[in-house]
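What follows is chain A paired twice: with chain B in the first complex and chain C in the second.
So, the complex of A and B:
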C-alpha cells in the first residue's frame, strides 16, 4: 500500500514536470516536417524526412570515433507486453515519443531517460493482427502526437500530457482491419496539413485504403480505396471510383480484394505526391481472381488535395506468392547517363529493386537484390515480370480431389526479399542500403471462400533457408546500375530498418540483439552493441546540446517467429525484451 | 502572497480566515464563517508588515475528525489554495460498512452552502484517491455516486465556495479489500465494448425549481491496476440545458464504480425542459443523450 502511494505521488510530480516542460516546448509545424531531414536537432517524421531516406547529415560520429559509442540509458516498456517492438521514435525539444507493441506510447525525457507519460490504448477482445502486435511509429504536428492502434483506430494525444484529444476509426477490427504503420503528415493547399493513414488486413480480405484527416479534429477529408471498383470519398461525399470495375478482377472478387496499405507512405515535396505501397491481393490462391488485380502489389501516387490516384505501377500483377509489395517508395534524385532523373526506389517483396520516374510512375529499371529468384525470369523493358509458369503454385481445381494444387518451391519466400523493414539512401555515397533475406518457400493453393473475420488465403506454405550459413543480408546497391557494392551476411533473417549518416556509417539491428554500424563504402563492421533481445526496428540519430545521439528500440517479435516455418528454428532461442536504448560518445572520449 | 491579497477577492477571504483560524483551530467543526470584505487593506498591511515570513508558510490544516493518516497529503493534493474548515453543512452519507467494495454508494449534500464552485471527493486510502470533481453551475450542490474501495478508508469531500474556502465533510467506511485491483465484471463478456456508453437514466421533479437526475452508463471504469488491463474510464460528463448553458460538469476518475451511476439535481423552470448529457471517456469515445424534466404538475 505504502509503495503504491509513493508511486502515485511520484507520478503526480512527473506530471508537474511535463506541464512545465510543455510551456517551453514549441509546437511542430508542417514546415518542420517537410524540412526534417536537414534539421538534425529533431526527428518529426517517420524516416527522417517526408521522403523517408533515413539519411542524417550528422557527421560528429564517424568511422574513426564510432568505437567510442556507448549507451546513455535504456528504458523498459515494462510489464508482460515486451514482444514485437518495430517502432521508430520521434524527437522534439529533448523529448522522445516512442510507440510500443499492443498500441502503447511513451514520452521520455532524453536528458534523464525518465518517463514523462504513458498511453495504453484499451484494445477490445478479438483484434485480428495478422503479423504480431507491432506498431511502427508516431506522427507529430502542432501540440499533438498521433499513432494507430491494433483495433484500426487513429488516436491524437496531447504531446505534453498523453491525454486523448480525438480518436477515429480507420476500419472494422472484427472484419480483420488493423493499423500498425506510422501515419504520414502532408501539406495541402485546399485543406492545410492532412494526416494520412493506410490499413492492414490483407490476410482477411479487407480493402486497402488511404484515408486523409484533419489533424486538429480527426474529421475525414478524403479516402481512396486501392482496389478497382471501390468508391473514394471527398468531404463526406462519394468522389470517384478507383479504376474501372472488373477491368482486372473477375466477378465480385474486388469486394474483398486486399491491397492493404499497411506500411504507410512517403511524400515528395517536389512532386507534391504521396506514395503508398499496396499489399497482396486476397485470397492468395491466384486462380480465384484471373487478371492483374489492380492496384494490389503496386505503388500508387496520390494527389493529397483530393485523393485521386495520379499513377500506379504494379510490381507483381496477378500475384500468386504473397509478394505483398507494400515496400516503401523513396524519392531521390538520380544521376544517370549524365542526366538528373526525378526517381523513386523500392526494394520489393518479390526480390527486385525498382527505379521508377516519380513524376509519372514510368519504369526505369529493375534488378534482383536477392539470389536465385525463381518466380520470374526477369523484368522486361516495360517493367512487367517475365513469369515462369512452372513456378506458380498450381490450381487446386485441377488436382484429383480438388483440395490441393501442385506445390512449388519459390524464391523469395512470401516474407519477401525485403519485408516491412525500411532501407536507407545515402546522399553521400548515392547508394541504397537494403535489409534483405535469402530464403524460399514451398507453396501450394487450396480452395477458399470469404468469411468475415476469417483468414482468406487459400494457400499453404512453409519457409526454408536457401543457404546453410545465413539468411539475413544487408546490401549496398547503386541505383544507377543495380550493382551490389557490398554485402553483410547475418545468420538470422534481418527484420530491422536501416539508417545512414554523413559520418559514413550504416546502422542496423539484428535478431541476435546487436545494433551494428558498418562502413558505408566497404561494408566493414565498425561497431556493435548487444542489447539483450532481438532488434526488429529502425535506428535514428539526432543532435542534442551539441552531441550526436543514436537510439534503437529493441524487442524480438514480428512476423518471423509467427510465420517463419523452418526458419523459426534459427530464431527460436531468442529472448523477448522491450525497451529503447540511447547511445552517444561520452564527453571524455569525444575529443579522441 | 501579499501581492496576491491585494488583487484577488479569494485571497482577501483567505487572509481573513487565517486570522479567524487562530481562534478556531482546535475546533473540529466550524459552523459559521463570516467574511468581512471591507477590512481587507488593513489586514493585508498588518500581515505584510508584521508577519512577512508567514506569508509563505503553508496553510494551517485543521485536525481530521476521521484521523486519516493521509489527511495532510489529501489536502495538499486535492484541496489546494484556500482555507480548509470542517463544516456540518457538508453532509456525506455513506454506509458504515460496505456491502460490496466494488459499489459503495455515497451521497454528498451541500445544498445549505451558497456560491459553491466545486465539490471534490477523495477516498484517502485508495491507491488512486481522487474519486470525482463536480462543478454545479445550474444545479444544486448535490451529487450521488458509487465508488470502488481498496480497503477500509476515510472519505473526504471538499466543497469550495467562491471565496476559496474548502468546506469539508466526510465519512469512514469499513470495507473488504480489492475493489480497485480486480478486473471489471464487464471483462467476463467478450463483447463488452459493444455496450460501452449504453445508458439508463431517469429524471423526476423534486420541487418547482429543481429535478433529480440519475444516469447509469455502461463502462468498465478500468483503474489500470488490474493485471494486464490499462486504465480506461469515463472521465467527463457535462449536462447542458436547452439553451446550451452548462447545468453541471463532472470529472470522474478511476475509483468511480463500473457502470458509473451518478445523481445530480439540476435547477429547472416550472415548464417541461429537455437537458442534454454529454459524456467522454479516456479513449475519446463520446456518448450523448437527451433527458426531459416534466413540467410542474397542474394542481
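So, the complex of A and C:
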C-alpha cells in the first residue's frame, strides 16, 4: 500500500522523478535477475530470465478465463516518431521500463498508466541504420536501467529519475556501427556482475564483438571479437586472439569479416556461460572468401570471467545467402531416450531448428521448421549442412558481360525462417513455440551497379511468399523429436516474439494488429485483441497485487516494410503506431 | 567542351522518353518535398550531397569541406546566385540506395535530403530503375587505375605483378571487387584493404605497399600528395572488370528536373571558361570529358 501512495504522489507531479528517489523502490540484485523466471511479481531481464525461455509459471489466467482478458490502459509513445516498436518492457515495483523507436525510454506507473519519466537520446547526423530505428529493450541492475542507442552507445539511467549516470561508446556509428538489442547482465566471481552487449552493423568493415562492462561505471572489463585473427581485451590489455588467423578466411579479409552480434545474448546459470549468435560474413559474395569464415553465422559460448570463447558452432559455414544467424540460443534441460541432456536450442535464419549440448557445443540434432528448404539438402550427423551447389547464388564476377547472370530461388529468404523475434520454451508442455515465416528469394547477379561512384557487379534479390494464403507460421515443436505439433498460419509475416505460461497459453502479436492467445497443446486460437497498429514486439506477463497482467508494445515497422517485393502486398496498408498496452482479467471475472 | 553540350542534348532526349512513366509515378506518390528551381532561387539556398571520405572529390577536415565536387558545388551556387549547403554522408551499398537516402526519401532518422547529388554515375539503366530520381548532366569521365612507385615496380603491364607484390585498396570498393576476383583469386593474399580511402593511402605513403588501386582521379591525387614516392599512373588490362570507364553526372528529384537542366547549362559554361578544368587541376587531376555512346 505504501508503494501505491508513493506512486500516486509521484505521478501527480508533472515531473515525478525527483520525488521518486526515496526508499520505496528496492534495488535490483543479480540474484533477482538469475531467479527472474520464478519470481512472478517482476520482470528484470530480457526473456523472463537469463535463459530467455519466455515462460512464466503464472496460471491465474488460463484457457478457461482468457476470454475475460481486457485492456487496463494504453500508453502512447507520442511525437512524430513512430516506426517499428520491437521492445520488451521490464517490470519492477509497480513501474514499467519500456524502450521505443529512435532510442527512447519511458518509466510508467503501472497502477495508473501515467508517465514517470522519459529519456530521449539525441541522435547525431550521419547515422544510417540499415534496418529501421528499433530498440528491443533494457536491462536493470541496482538503481540503474541500461539500454543501447542507434548511435552505438550504451546509456545507464537512474531508474527512479531517468537521469544519465554514464554513457559509453560500443562502436563508431560513422563506421557503420549501431545498437538495438537488450543488454545482458551476468554474474562473475572475479568482477561482480557485468553488463554484456553485442554490436550491430551491416556494412562491410564491421567486426562482431561482445563487450563486458562494469555496470556501476561503464568501464570495459573485456571484449571479444567474433572473427578469427582479431584480438580480445581484458582489463585494458590485449588478451587472446579469437581462433587462428587465416584458418577459415583468405588474405586480410578477417579484418573486416562481419559476424555482428546484433541480437544480444542469453546466459545459463548452470554452465555459467553466455551465449551469443553471430551474423553473416562480409562481403556478401561468398566466392571472394573461401573457407568457413569463422565465427560468422554461428552460436558462440563465452566465459564471462575473461571473455574467452569456450565453444562455437556454425549453422551456416561459408554463408552465401545472408543467413544472418544471430538467433537466440535458449538453454533448457531435455529428456531424450530416458536421459536428461543439458541442451540448448536455436531456430536459425537458415530454416533449421538446432539442438546442441550447451556445455560443449556438440551437435545433437537439427530439423527443418519451415517448409521446402532449398539451400541445403539437410544437416548431416556431424551438424554440417549438406549444401546443394545448384542453389548457391552465382558469383557476380562471372557475369561480366553485363547480363543478368545465374538466378537462384532460395528458401528461406534472407529475412529467414526466423528473424530476430524470440521463440519461447514451455516447461509445462516441453515444447518450443517458434514464430517463423514461409518465404523464399530470387537472387541474381545484377548487370551493373555503382558503389561510391564506381561501377561493379552486385546482386539483386526479391522476396517471394511460398504459399498463396500465408507467410507467417507459429509452430509448436517437440525438441526431442523435431516433430511439429501444431501450426497457426498468419497472412502477413510474423515479426514479434512469443510468450508461454503455466496457464497453458501461448501469446504472440501479428502485423495485422492482434495480440493473440493460443492453446499450448492444440494451437487453437482462444483470444485476440486488436491494438490498432502492427505488433512486432515480445509480450510479457507478471503479477501485481494478486492479479496477473499481460503487456505488449505495439507499432508496425522493423525490416519487413523496408524490403517490399511481393511481401509488400500483404503489409503495405498497415499503419504505424507506438504504444504499450496492458491487460488483465478483472477481479470479479477471474474468480469464475 | 563540345562533348558536354552533346551530352546535354542526349540527357534531354532520354528524359523525354521516360516522361510517361514518370508522370504515372508522380500521381502515385505524394512526393517528399521536392525543390524545383523557383523554390531554390526564392529561398536563396541550395543543398548539394557529396560523399564523405572521398578525396580528391569530397572530404571534410577540421570542419571544412574540401574537394573537386565541393568546389563544383560552390561554383554552381555562385552562378545560380544562391548560398550553398553541403550534405556530406557516407556511401550506402549502391547508387540506388544513395539516391533514395540523399535525394528522394531521406534517411530514417532525420529525413534529410539534398536538392542535388553530385558524383552520380550517369547510366541509363540505373536511371530507368529509379523512378523518383533523375540522372543528368554527365560532366566528366571516370576510369580505374593504379598508382605505382617507380622504384619498386618500374613498369606495370599486368596485374600479375600483384601475385607477389602487395597492393592497397579501399575496402569494399570497385577496385577491391576487381582485385579479389582477378586471376581466380590469386591476388587475394596480396590485397591490403584500408578501412577508408585515407587508410589505403596511408599504406602507400608509409611504404607498406608499392601500389594502390582506385579510380583514376584518386590515383592522381595520391601521386600528388605522396611526395616522398616517385609515382606514376598505370592502367594495365583489367580482365573481368565490369567497366573500364563511365561518365559521372548529377542527380535531382524526379520533380526537380528544371533544376537539373539549369545546372547542366551552368556546367557547360564552367567548361567553356575553363573553370571546371581548373578545379580538377588544383587537385592534380586531369579533366577528362564524359564519353557517351
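Note that the second predicted complex is superposed on the first by the 548 of 592 C-alpha atoms of A that agree within 3 Å, B and C clash if a C-alpha of one lies under 4 Å from a C-alpha of the other, contacts with A are read in each partner's own complex, and residues count from 1 in each chain.
One rule holds for everything that comes next: a contact is a pair of C-beta atoms (placed from the backbone, for glycine too) under 8 Å apart; a residue touches a chain by one contact, two chains touch by 3 or more.
Everything numeric here is computed off the predicted structure, so don't read it as measured data.
In the superposition on chain A, A:133 makes contact with chain C only, not with chain B. Of the two partner chains placed by superposition, chain B and chain C are both touched by A:125. After overlaying the two complexes on the shared chain, residue contacts for A:166 are found with chain B alone; chain C is out of touch.
Legend: residue contacts after superposition of the two complexes on their common chain; A:301 is shown touching neither chain B nor chain C. Put chain B and chain C next to each other and count what each touches on chain A; the higher total goes to C.
Legend: residue contacts after superposition of the two complexes on their common chain; A:61 is shown touching neither chain B nor chain C. Once the two complexes are overlaid on the shared chain, A:155 sits against chain B while remaining clear of chain C. In the superposition on chain A, chain A positions 125-126 are in contact with chain B in one complex as well as with chain C in the other.
Considering their complex, residues 1, 4-5, 8-9, 12, 79-80, 120-122, 124-126, 155, 163-167 of chain A touch chain B. Taken together, the chain A residues at the contact with chain C in this complex read 83, 102, 123, 125-129, 132-133, 150, 174-176, 203-205, 250-253, 255-256, 282-283, 285, 287-288, 290, 395, 397, 400, 402, 447-458.
Within the complex, the chain B residues that touch chain A are 70, 73, 77, 125, 127-129, 151, 190-193, 222, 224, 228, 230-232, 282-285. Within the complex, the chain C residues that touch chain A are 51, 54, 57, 89-96, 101, 107-110, 112, 119-121, 123, 125-126, 142, 144, 171-175, 177-178, 180-181, 185, 188-193, 195, 215, 240-243, 246, 248.
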